[in-house]
Amino acid sequence: MNPVNYLYLAALLFTIGATGVLIRRNAIVLFMCVELMLNACNLAFVAFSRMHGNLDGQVIAFFTMVVAAAEVVVGLAIIVSVFRARHSASVDDASLMKL
Amino acid sequence: MSATAVAPVVHTLWTTAAGPIDKIPAPHIEYTQLSPVLIVVGAAVVSVLVEAFVPRKARHHTQVFLSVLALVAAFAAVVGLAAGGYGSTKAHIAAMGAIAVDGPALFLQGVILLSAVLAVLTFAERRLDPADHGHRVDSFAAEAAAVPGSDQEKAAVKAGFTTTEVFPLTLFAVAGMLVFPAANDLLTLFIALEVFSLPLYLLCAVARRKRLMSQEAAVKYFLLGAFSSAFLLFGIALLYGYAGSVSYADIAQVVSGDVPAVDPALAQTMGNDVLLLIGFAMVLMGLLFKVGAVPFHMWTPDVYQGAPTPVTGFMAAATKVAAFGAMLRFLYVVLPGLTWDWRPVMWGVAIVTMLGGAVVAITQTDIKRLLAYSSIAHAGFILAGVIAATPTGVSSVLFYLAAYSFVTIGAFAVVTLVRDAGGEATHLSKWAGLGRRSPLVAAVFAVFLLAFAGIPLTSGFSGKFAVFKAAADGGAGALVVVGVISSAVAAFFYIRVIVLMFFSEPKADGPTVAVPSGLTSVAITAGVVVTLALGFAPQYFLDLASQASVFVR
Amino acid sequence: MDNLIALLVAAPLLGAAVLLTGGRRLDKAGHWLGTLLAAVSFVIGLVLFADMLGKSADDRTLHQTLYTWIPVEGFQADIAFQLDQLSMTFVLLITGVGTLIHVYSIGYMEHDERRRRFFGYLNLFVAAMLLLVLADNYLLLYFGWEGVGLASYLLIGFWQHKPSAATAAKKAFLVNRVGDMGLSIAIMLMFTTFGTFAFGPVLDAAAGGDASEGKLTAVALMLLLAACGKSAQVPLQSWLGDAMEGPTPVSALIHAATMVTAGVYLIVRSADIFNAAPDAQLVVTVVGAVTLLFGAIVGCAKDDIKKALAGSTMSQIGYMVLAAGLGPIGYAFAIMHLVTHGFFKAGLFLGAGSVMHGMNDEVDMRKYGGLRKYMPVTFVTFGLGYLAIIGFPGLSGFFSKDKIIEAAFAKGGTEGWILGACALLGAAITAYYMTRVMIMTFFGEKRWQPAPDPDKAASVEPGADAHPGELPHPHESPKSMTLPMILLAVGSVGAGAFFEYAGFVEWLEPVTGFEHGHSPLSAAAVTTATVVVMLLGVGVAYLQYGRRPVPAVAPRGSLLTRAARRDLLQDDFNHVVFVRGGTHLTRSLVYVDHSLVDGVVNGTAASVGGLSGRLRKLQNGYARSYAVSMFGGTAVLIAATLLMRAV
Amino acid sequence: MSFPLLTVTAAVPAVGAVLTAAVPAARRTAAKWLALLVSLATLVLAAVVFARFEPGGDRYQLTESHAWIKDFGVRYELGVDGIGVALIGLTALLIPFIVLAGWHDADPLETQSKRWRPTQGFFALILMVEAMVILSFEATDVFLFYILFEAMLIPMYFLIGGFGDRAHSGTDENAAAQRSYAAVKFLLYNLAGGLIMLAAVIGLYVVAGNFSLTEIAEARANGQLDMATSTERWLFLGFFFAFAVKAPLWPLHTWLPNAMGEATAPVAVLITAVVDKVGTFAMLRFCLGLFPEASKWATPAIIVLALISIVYGALLAVGQRDIKRLVAYASISHFGFIIMGIFAMTSQGQSGATLYMVNHGISTAALMLVAGFLISRRGSRLIADYGGVQKAAPVLAGTFLIGGLATLSLPGLAPFVSEFLVLVGTFARYPVAGIVATTGIVLAALYVLVLYQRTMTGPAKEETRNMPDLRARELVVVAPLIAVLILLGVYPQPLTDVVNPAVRHTMSDVQQKDPSPEVEAAK
């Protein structure tokens, strides 16, 4: 089937992820949404790679996964420490600094 | 580490499955030319090992020594390369198209390394706070993982733990920053971005005082950073879809129109300008986020305020340098054919950034937030130089970045000195009458503020003049006018701080000015010296910048 | 010879410098030094005069150029002097009368601890006045012009501790400044018209008719404005009355004999300009006529002896201005009257001073009376001066004033008649108010009052030895005061006749030009008319004050009288229009400056601050709202990029 | 390479400033003497400059030129014409008296900490300002001038905000508040002006490619460089705005009264007599020199503004209650005259304007410093608090009066010469303006004499009854100034000799001829 549809799917997923970031409160969920966005990118890469008939896209996808993994490590470390300090994973509670 | 480097390899695998493995051509890496990066990365790895094996007592000194040594060595390597003509005549693209070794790259790497050295010195400062349980303490938490106020933390403090991990983290971040402006394909760009972002997220979280704010800063920075890098990545994907490659050269080629023959099935993607434009916009957004341009700036004040002040100084200086370097390369190398598309957009961004930063700063009451907004305004000024889209534009931006980074680190270093019982006294009201209590520190800070304000005979003025001149030359006269107006607005709040320090009576419960050790003193002195040197006799550095203003393609 | 001219000015200037910077150690001899130097310059004047007489009428003019004052592209102002018959006349008058008054002041100011400074100021005045009349260009004249203004300011306000004196001084200077405006504009006009403002070229060009009449008229009118200021002519006369706050010698020298006549000098000096601008001349005559009546009327109503005399001064100068306005038929007579007036008016003032000196500085004539027995010398000298001013046949005033009235008629046409009539009327009124002064002061019974009590002491001239609470003991003044009075009296008596027969007119002719006016009335007729109206005035005054006792408190009097007491409401007018109006203007401007001009600036600052405060709210601390702005920003970025390509 | 006289003239006070600042806290008096000596040395150097300058010679003399910032087309170029020489002379002449007059103004209060060294700072800042001002009069490179124009704000700002007049009404707190308000207003106002100018400077670079006054003028003269009319006008406006703020011209004047009111008298003199002259000087040299066409284009508007300044300033001076603010508004009126003279575009007007800068400097110094002495005695700036001073302190009153008379430009005192030249020069081209301006002389008399009457005459007040007369130090400050006023009033030739040629050059810059008189009365 036409690989372009995968692109549409990727765009859709990306948008869903972005929207999630905007509307959800829980830091973990937020973070998952970001991951979703990254994976949407991966899908796009792979699709393009298929369309162009070269493998760069697929290789990049691997890199992305690695990066995503790294982000998870760092992200969770931070989020958990905040959670332990505040007993809440809501990003809206973390608003000491404003104005 | 480069896609284009790897792709053919994989191809061969794909086609001749039954081929013997030893046919894989080893990618060709110019180690000497990448030596700055390699040195720093290597040092980072070593310092991780130090964390693992060196006894706690000795760690701090070892780490400081190691980091400084590595950074200085890397700087020496940069100088060596530049002297070897890699900045000009022998400039070329190394690591199989992944990394450019040319003037801008080397210049910015040099700046990044120098500011990193100064930053590390401020990291290492341990004399500002009184000794705690007989242990000298720095600005970082005894045990970042421990819950604020918990017994675990108390124990850690008693035991005299310190978060010496900041040094390896910093080194990794520096490594990323070194690659970022030199990245010559989008993948490297992305990786470098992450490599220097992730450590910074962590560094924000490890403040010793006001830990909640510190962690909050980290969360915000992290979430928003990840958000933005997702956009960047998607942009990369689209550009890849557009050009079928992520290497700058190839994309530029496609943009400029001479598309290599491809099968018609790809017509709708290959060279599809919608992909190009959207992709460009999203990548640009990722970069603008890093430089803190309006409307992608909102993390800046919070993060600058919450992060440990030395880290703030490091971020404010080095991140901006790296990000602007990457932006320049992206705009000048990838999209020269697209100038007429991106210029108007950047105009808008530059204007709102300059005005937004300056105006909002007026009503700030916290010195760190104030400096954060001023950094936003400065990002706007630099954008004006970027928009010039001329070699003088490039050199002016390079010069501005160099000038700015030193002023910034110096200013934040001074901020670390003004303390009261609760640590640093960052609320402006606390700074009242500082000039009476300790004229020297106040005078030094005044110099930095005047440099920020762009008063003549300071580096700030030379830089501002350079970028405005370039912008005007590049036909962006209106931008210059907006620039001077926002400078006038900006002048107001810098002056306000000076008034506060010199003309208002000291408060009885006012903060004390800690007498720093040699480390911070060196950082501050270096800041002042460079600020004045670039103010009085900028010619030499302008020459450097203009020699370094040519991108290799 | 010509090198002496500078010395004329230098001597008193030196005196001023020494006396004003010398300090207390000069207090002993200061007045002698001052007097000496005034005398020196009088002697020099005489020498020059003798030398001048020795020459033929046409080359009597001397020039001395010291150096270039202001050398600028196309603008040359020299410090240079010109001594011709006209200047000579003034030099003698100034130095002569000046010296006498110096002598008089020695006695008059005896008890004043600041006498040294007083003489310094007097010398300064003499120097400035000489500079004024000796200058050979209008800018240097302006220098002297303002110089005498300064001196008069300092002397009127000499008793600075009296608020009234300080105010009067300020008023005099300000009103004069208005006149000076005229002079400076006149000079600018000359510069733009002739490219110079030296007497020679300007007047020649004016006489040569090179310049348009309009320009010349403008110049002439501006000069007239200046003259009005200095010579207290309507409408700038208001300061002279108040100027009487100064010590009496000052009133005599500056505000009677010399400075106030500078305006007449200016007009006569600029004769060629005025001749070429008949309209301006008409205005001059009108101003003169109005003032001579104005002053006379004011003089009738004042009970303050000095103010009465001031009114008369105003009126007499009105005569001179009128004469000067008549052109060549009048210039010489204007000057002639100026000189005779110098003598008798100075004499009258000194007499008044002497009276006050004896009467605890009482100035209200209603509190005098019957003084002739007590101060005979004063009485006689004052009397002679009186006869001179009312134009009693044979005395100096008679000749000069009669000539002017005649010339006024000779102007011809209705103007001639009107002006002549005014002049005659003036003569009558003069006779009236002077007789009034004479009778109220020296005749009738005593109306003396106890000396003012100490709390008013501030207003007492330190010259007097007042015994508070007691009646005054009128006594003749010391020699140093009577001597000048006597000499001036001699002048008042003889000067007129002397000039008449020594040919004053011919003496001046080379400078001012002269032509005989053709009066519709014969000279004899005019003379008789003058004498008749004079006797009329005297008679009326005698009936009013000589026969009946003078009330010690002024009766309410007619509307005119009351107006006249208030200088015909001049000051009230000034107060309402200028003072109050000006105050309102400045007040409102101060407000405007603060709230409008400055307000705009501060307002801008404030509004930026407000904007900042509002934008700040966007930074609400919620990471997700930051994400929203990033998201929106990206959307805009994308849209903009695509749009750019679209358009 | 001849001896760099101009650089040295500017360098001496600069170095002196550093040394003065370095004097230890305890040796306050030493710092004062050092500052005085340095300022006197500078005066000597200025005299040498005056002597070495040949009126007949080139336009710019004693020139120096070194590469500085190649990339910006900036050179370190110095040179003086007659106008520069005159103003350098003025600056160098006034500073010693300012130092002497401010001898005790910055003595530290007991409350202040030992490490705080106000005295050293005060005199160091004054010298620093002197150095910058002198250098700005010498700069023939637009960029160099601009840098100094901006940089001198900083020391001025500290002088105003840091060393306020101790004679103030109300509490120390709100006095401090007013003071820093005045200082900030001064700085922001001038900084804004300067930044607008910065835009114009950059524009100039884009158009001309370098900043050398001489080169640009040359290029314009021989047509190598022709600016579009609109460009030239915009650039002109950019420059003029900055100078008009500095000068100050109505309606950009409101910072001056605050600054002069709050600063100590010597600093107030420094502002109005020295620093503000840079603005008018720059109009003459840069506005007219670089943008002759635009200058002519803008002249009518500027003349009108100048007229407003003259009358408006004088009227507000009449309305003031505060002695120092009164002098400030008087200065605004006088700056109106200067600017009018510059833009009258006649040699009388411009010579007059130049002399006016010098004379106004000296006369204001005399008046303001005496006023300062008066205020220091009574501890109040309000006119109403005085009266009858002349009885107790005749010399003070006398010098005050002379200062006032100079301010109302009485003939025989220096300001008269310049004011009359300006009037004539203006009248020759714009008669109406000339006539309106003459009302200024009446108003001047009004505010001066009213001030004198209210403060010095009348019955003595309780506080003024035993007021001490001028002390020796104060006399040393005032007497020479008065002497100079009189000298330049009766013999201004030494000054006109150096100024005339410069004015001739400026006139040829703007290709203007003096209007010739209606009648050639050269017989």
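Note that the chains take the letters A, B, C and D in the order they are written out, and that residue 1 is the start of every chain.
Just so it is clear, a contact is a pair of C-beta atoms (placed from the backbone, for glycine too) under 8 Å apart; a residue touches a chain by one contact, two chains touch by 3 or more.
Which chain is which protein? Per UniProt: A = NADH-quinone oxidoreductase subunit K; C = NADH-quinone oxidoreductase subunit L.
Remember, it's a predicted structure, so these values are computed and weren't measured experimentally.
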item	value
Between the pairs A-B and B-D, the one where more C-beta pairs touch	A-B
Most central chain, judged by mean C-alpha position against the global CA mean	D
Centre-of-Cα separation between subunit B and subunit A, whole angstrom	24
Separation of subunit B from subunit D, taking each centre as the mean of its C-alpha atoms, in whole Å	46
Distance from subunit C to subunit B - Cα centre to Cα centre, in angstrom	81
Gap in Å, rounded to a whole number, between the CA centres of subunit D and subunit C	37
Contacts with two or more other chains, residues of subunit A listed in rising order	18, 21, 30, 91, 94-98
Residues of subunit B engaged with two or more neighbouring chains	219-220, 223, 227, 231, 301-302, 492
Residues of subunit C whose C-beta touches two or more other chains	605, 616, 619, 621, 623, 627
Contact pairs between chains, per stated definition	A-B, A-C, B-C, B-D, C-D
Subunit B residues within the subunit C interface of the complex	219-220, 223-224, 227-228, 231, 273-274, 277-278, 280-282, 284-285, 289, 294-296, 298-299, 301-302, 340-342, 344-345, 348-349, 356, 359-364, 489, 492
Interface residues, subunit A side, partner subunit B - complex	4, 7, 10, 14, 17-18, 21, 27, 30-31, 34, 37-38, 40-41, 44-45, 47-49, 51-52, 54-57, 59-60, 63-64, 67, 70-71, 74-75, 77-79, 81-82, 84-86, 91, 94-98
Complex contacts: residues of subunit D adjacent to subunit B	67-72, 112-113, 115-117, 146-148, 150-151, 153-154, 157-158, 161-162, 173, 176, 179-180, 183-184, 187-188, 191-192, 195-196, 198-199, 202-203, 205-206
Residue ranges of subunit B in contact with subunit D within the complex	395, 436-439, 450, 453, 455-457, 461-462, 465-466, 468-469, 472-473, 477, 480-481, 483-485, 487-488, 491-492, 495-496, 499, 502-505, 537-539, 542-543, 546
Touching residues (chain side subunit B, partner subunit A) in the complex	3-4, 6-7, 10-11, 14, 144-145, 147-148, 187, 190-191, 194, 198, 201-202, 205, 211-213, 215-220, 222-223, 226-227, 230-231, 233-234, 236-238, 240-241, 244-246, 262, 265-266, 268-270, 301-302, 305-306
